[in-house]
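Alright, structures below, take your time with them.
Shared chain: subunit A. Partners: subunit B in the first complex, subunit C in the second.
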Partner chain A sequence: MNTTVVSFLVLYYVVVLGIGFWAMRRGASDDLEGYLLGGRDVGPLVTALTLQSTSMSGYMFLGAGSLAYTTGYWSLWFAAGDIGGGVLNLSIIGRRMRKLSQMTGSLTAIEYLEHRYPSPATRFIAATLSVFLLSFYVLAQFIAGGKGMALVTGLDYEWALLIALTIIIVYTFLGGYLAVAYTDFFQSLIMVVGVVWILGAALAHVGGFTAANVALREIDPTILSIWGRDLGFQGQWGVVAGAILVFSAGYMGWPHVVTRHMAMKRPGTARLAGAYATLWNLLFVPAPYIVGILAILILPQLDDPELAIFELARVLLPAAVTGIVMAAIMAAIMSTADSLLLQTGSIASRDLYERFINPTASERQMVWVSRGLVFVIGAIGYWVALAEPPAVAFIVLFATSVLGSAFAPAFVCAVWWRRANTPGAIASMVVGAVTAIVWEMLALAATTTLAPMSAGIAASTVTIVVVSLATQKLAPVAPHILAAMDETARVGSIPKKMLAMSDFALRPEAEEIEALFDGDEGSR
Partner chain B sequence: MSAPINVISGGLERGEVERRIAGASPGWKVEIEREIYYPYHWVLLRYAASTLLGKSAVPIWVVVDARTRIAATTDPFELAPVEREQLKTTTIVDPQVPATDAVGIAQRYAAYVMRNRHKALVVPQVDLLEQDLVYKPMSTVRLSREGEQSFRVLVDAMSGAFHALSTTPRDTIAPRPQRLM
Partner chain C sequence: MFGLPFSTAFLVFGFPALWILYTVGFLLLSRSWENDRDPS
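Showing the complex of A and B:
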């Protein structure tokens, strides 16, 4: 155990907890709700980094580095999908989905799916898949937390895993401090500075990009190939497509939390926050992959590739910086695990227990159902992570592939295809998920050159089209949904600029006022 | 004499509403048709939960649309009582959601929001501190241009946000399903 590293790790937590404690005390007396709930008063930079920090997980620090260490430059396909994912999501479904969510009053992605494809089966299948796959994702965080804790403290993995898991679960049960904007900002700033610092130190150590590439070519020229080490994926565009899709289309499957906030003043930070978020992605997303590639040169005999970034930090950075960076990474892992457990528990209690088992459940009963599930996930997670821990990258890619395969076509068709109906969407979710799982379990990528994500998305897309067309008469799309989808057409000659600037959160009020005035006035 | 209504104060003036809409639709003639006061139940809650660092208590402002039951957190605002007689040229939309229902909706929404912010599976205590029926100023604005079909937009006079109103007859649109919140 490196005492300096551990000291700075402790110092980091003291600072983070101090900010949280200060915010909690202040929140009891001051008007803290403005930035707690709306995030408007903290400026675009803090808003952007706060949002981004919540999406960082153990995958970025263990999985991405490991993928790059074992496959070389090929791993950057995943980074390309991750960077482009936000743009793709925004351009394909983002604005339309937000509009339809607001019109239908949906707070979560599962509610949104049920409103667009009305049926209890939609909610049941979407919620069950989400609970199952989020549990997988949490398992990856447990393993990442255990490995990180073992490296930092010098404890055996078994004990480190138990400590990490206990902290995560106790934290989820009791809560530590409010996840205020400034703690998230501080954490994300340390993460990005830390990873970029490791990248810079690694590049300086190997003599820059050109020297690194020359050295890598001497070890194995295929490390530099876009087809992977030993050209293992040469010409396999189905596998490449899967790598790109997993973090672009795959993200469409994650359940999101949406809250409504009514502005009493014009918010001016959103656009600038978006620009900062894009800058963050460009800076942060490729860095762990490149660090993993450089680790091939600096640490060629690494026993566990998942620890490539941790080990590089330990070798290249001053002990104090290593302590702070490792603490930030551990905080990110625990924060992600905590959020995922909360999401999983909420979906299980709200979308399954309250909806299908006990419709009159009290708040207390719902919390205990959530806690029970979290405890079961923790127990199973500990057993799996101890007995035969799968690679963090494998778990994350598996869960994201199945979620994306199940949900991406349903989300895209929800806003782009008027004929997408409930039977089509339900069949698509089931077929997409089953195809991706079977593809992974039977290792069909090797024989078909199609990644599970590619096969799953293809299967679910064909299914939603065929089943929707076949059942149009049996289950036509409800008129209120068609009306909401036709919003653009219904307003006729409205200028494009005005349409782009419209606030669809006002839609419910607009509908009420239309209904009131239709009695005494139509459109002129 | 009827009781005054509580209006959210500080909204945009008529001229500023017209300028904002004109800026978003160059070349169109902009004309305010109606000034409206739209009803919300404003509910001030205190969300308290025990955490590892002690008891956390946060005040939350929530508004519940008094016609659609949709809840939202809100920025703080100031109220001004206005006599109904002073609002003869203004349309005051009647509320349809009872105040008791609105408090329940607000409490449930606040618990949902704060649990996600708090990131903890705790049973919160959500106490009602204050509530009131408040009216937000809005306007309907008609936009017209020669050779084009005219249309109307609803403008939120507090934030300046706007949304187009339908140009198709309302009887062609079926009602929305019941909302969850």
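Showing the complex of A and C:
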């Protein structure tokens, strides 16, 4: 165990926990909107960086490095989509979702879906899918955290996992969304510094970018190809499309990411946030892939390619800098894990417990139920991560593909297509999720050259369009929802009247009563 | 370029350039969003 490296890590954890305490003292957890959305008071820079660091999980340091190490430049297809994921998300649904979620009084992304597509089935299906997939996704972060911590500290995997997990749970527990958003902000800065540092060190070690590519060509020219080692993906545009889509358009279907829109200070916050997101992505996203490729030259005999970036840091950097890079790696893991835990806890408590089990729960009770569920999910994740840890890249690509396939069309159509209705959205979520899962389980990508993400999102998009059009007469979109959508499309402040009714579902009845009173006054 | 085939160089440098253009276009087209303020 290197004490300098460990000292940096301890310092990093102290800062992260300090931010959690600060968020708690700021009063963010007094009510449910404060706990789950930071009181909708988050500015553009923090919005951009929490959105990005939440999206960039431990996958970036373990999965991306491993993918690049094993497939070469082909892996950059994932980065090609990923760089624009933030701005795409914020420009397409950011502003409108912020506005519609406030008008509908929605506190979770799933509750928002039910308000836009009214039906208990919308909430139940979306919440169940989310809890399952986000738990699966958070598991990957625990495994990544445990592996990284074990390598840095020399502790046994189970102890390393327990320490990483305890810290994540404690600060998620303390301050809710605000703690998560501000720790994400801090962590995103550490991530950029860490990854740029290791990239610089690796490039210096191999004599520069051009020299590295010349050396790689001598080992195997197909490493430099866009079709992967041994041209294994040659002509497979469906797989390439999946790689681009999963971290770009797919983001729009991730509940823990789109929640960032709902927490923005103003709808227009999305504009500057989009620019900050692209800037950050340009600095951060390609680096882990390039480092993974350079590791082929520097560490040609790695037993576990997932540890390529960890090992490079250990081999190339002085102890103090290794400490910063390790903190960056832990930051990537933890910034995603905390958001996933908070989201899973929120969805399970508000969208399942309150909605279907205890509708009269008070706000204070709900905060504690959410916290309790964060603890329970963490404990289950710890047990599974210990029992049989699967590969991080596999879990992340699987969970994100299914999430994107299930939800992206429903979230996009919610603000852009007036005819998208409840049967269309429900069918789209089910068909998208099932298609992506079946594609993955039956390994259909190999025979069809179509990635699960491509197949899933195509299926869910076609489904929402076809079913919505086919059921327009049977289930038309309610007038109060259409009015809210019109207001969402308009740029400008939300009229107070649109915010007056806290229960969006009761709006039609309230409007009828209001009209009745107006009529009475008119007749007097 | 940088010892890479053209297609790979485009993947590494061309896609980021496209996203920069998209972001600049977005900033220009969304100037009116600054009018989205607190509820009136």
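Everything below uses one rule, namely that the second predicted complex is superposed on the first by the 342 of 524 C-alpha atoms of A that agree within 3 Å, B and C clash if a C-alpha of one lies under 4 Å from a C-alpha of the other, contacts with A are read in each partner's own complex, and residues count from 1 in each chain.
Here is the rule we use: a residue touches a chain if its C-beta (ideal position, glycine included) is under 8 Å from a C-beta of that chain, and two chains touch if they have at least 3 such contacts.
Just so we're clear, the structure is a prediction, and the values are computed from it rather than from any experiment.
Colleague: So in the superposed three-chain picture, is A:Ser339 touching just subunit B, just subunit C, both, or none of them (first/second/both/neither)?
Modeller: first
Colleague: Determine, under the contact definition given at the top, whether A:Pro118 touches first (subunit B), second (subunit C), both, or neither.
Modeller: In the superposed model, A:Pro118 contacts subunit B only, not subunit C.
Colleague: Please determine whether it is subunit B or subunit C that touches the greater number of subunit A residues.
Modeller: B
Colleague: Now for A:Pro286: first (subunit B), second (subunit C), both, or neither, which partner does it touch?
Modeller: second
Colleague: Check whether A:Asn213 is in contact with subunit B, with subunit C, with both or with neither, and answer first, second, both or neither.
Modeller: second
Colleague: For A:Ile494 in the superposed arrangement: first (subunit B), second (subunit C), both or neither?
Modeller: both
Colleague: Mind working out whether A:Ala478 is in touch with subunit B, subunit C, both or neither, as first, second, both or neither?
Modeller: In the superposition, A:Ala478 contacts subunit B only.
Colleague: After lining up the shared chain so the two structures overlap, which partner does A:Val466 touch, if you call subunit B first and subunit C second: first, second, both or neither?
Modeller: neither
Colleague: Determine where on subunit A the residues touched by subunit B overlap those touched by subunit C, and list them.
Modeller: Of subunit A, residues 266-267, 491-495, 498-499 contact subunit B in one complex and subunit C in the other.
Colleague: Using the touch definition up top, name the residues of subunit C that touch subunit A in the complex.
Modeller: Of all residues in subunit C, those touching subunit A are 2-5, 7-8, 11-12, 15-16, 18-20, 22-23, 26-27, 30, 32-40.
Colleague: Can you list the residues on subunit A that touch subunit B in the complex?
Modeller: 17, 20-21, 24, 27-28, 31-34, 36-38, 40, 103-107, 111, 115, 118, 170-179, 257, 259-267, 335, 338-339, 341-342, 345-346, 363-364, 367, 370-371, 374, 478-480, 483, 490-495, 497-499, 501-518, 522-524
Colleague: So in the complex, which bits of subunit A are touching subunit C?
Modeller: Residue list for subunit A touching subunit C: 73, 76-77, 79-80, 83-84, 87-88, 91, 95, 99, 102, 209-214, 217, 224-226, 266-268, 270-271, 274-275, 278, 281-282, 286, 491-496, 498-499.
Colleague: Per the contact definition, I'd like the list of subunit B residues that touch subunit A in the complex.
Modeller: Residue list for subunit B touching subunit A: 8, 10, 21, 24-28, 34, 36, 38, 49-54, 56-61, 63, 65, 67-68, 70-77, 91, 93, 111-113, 115-124, 138, 140, 142-143, 145, 148-154, 156, 158-170, 172-177, 179-181.
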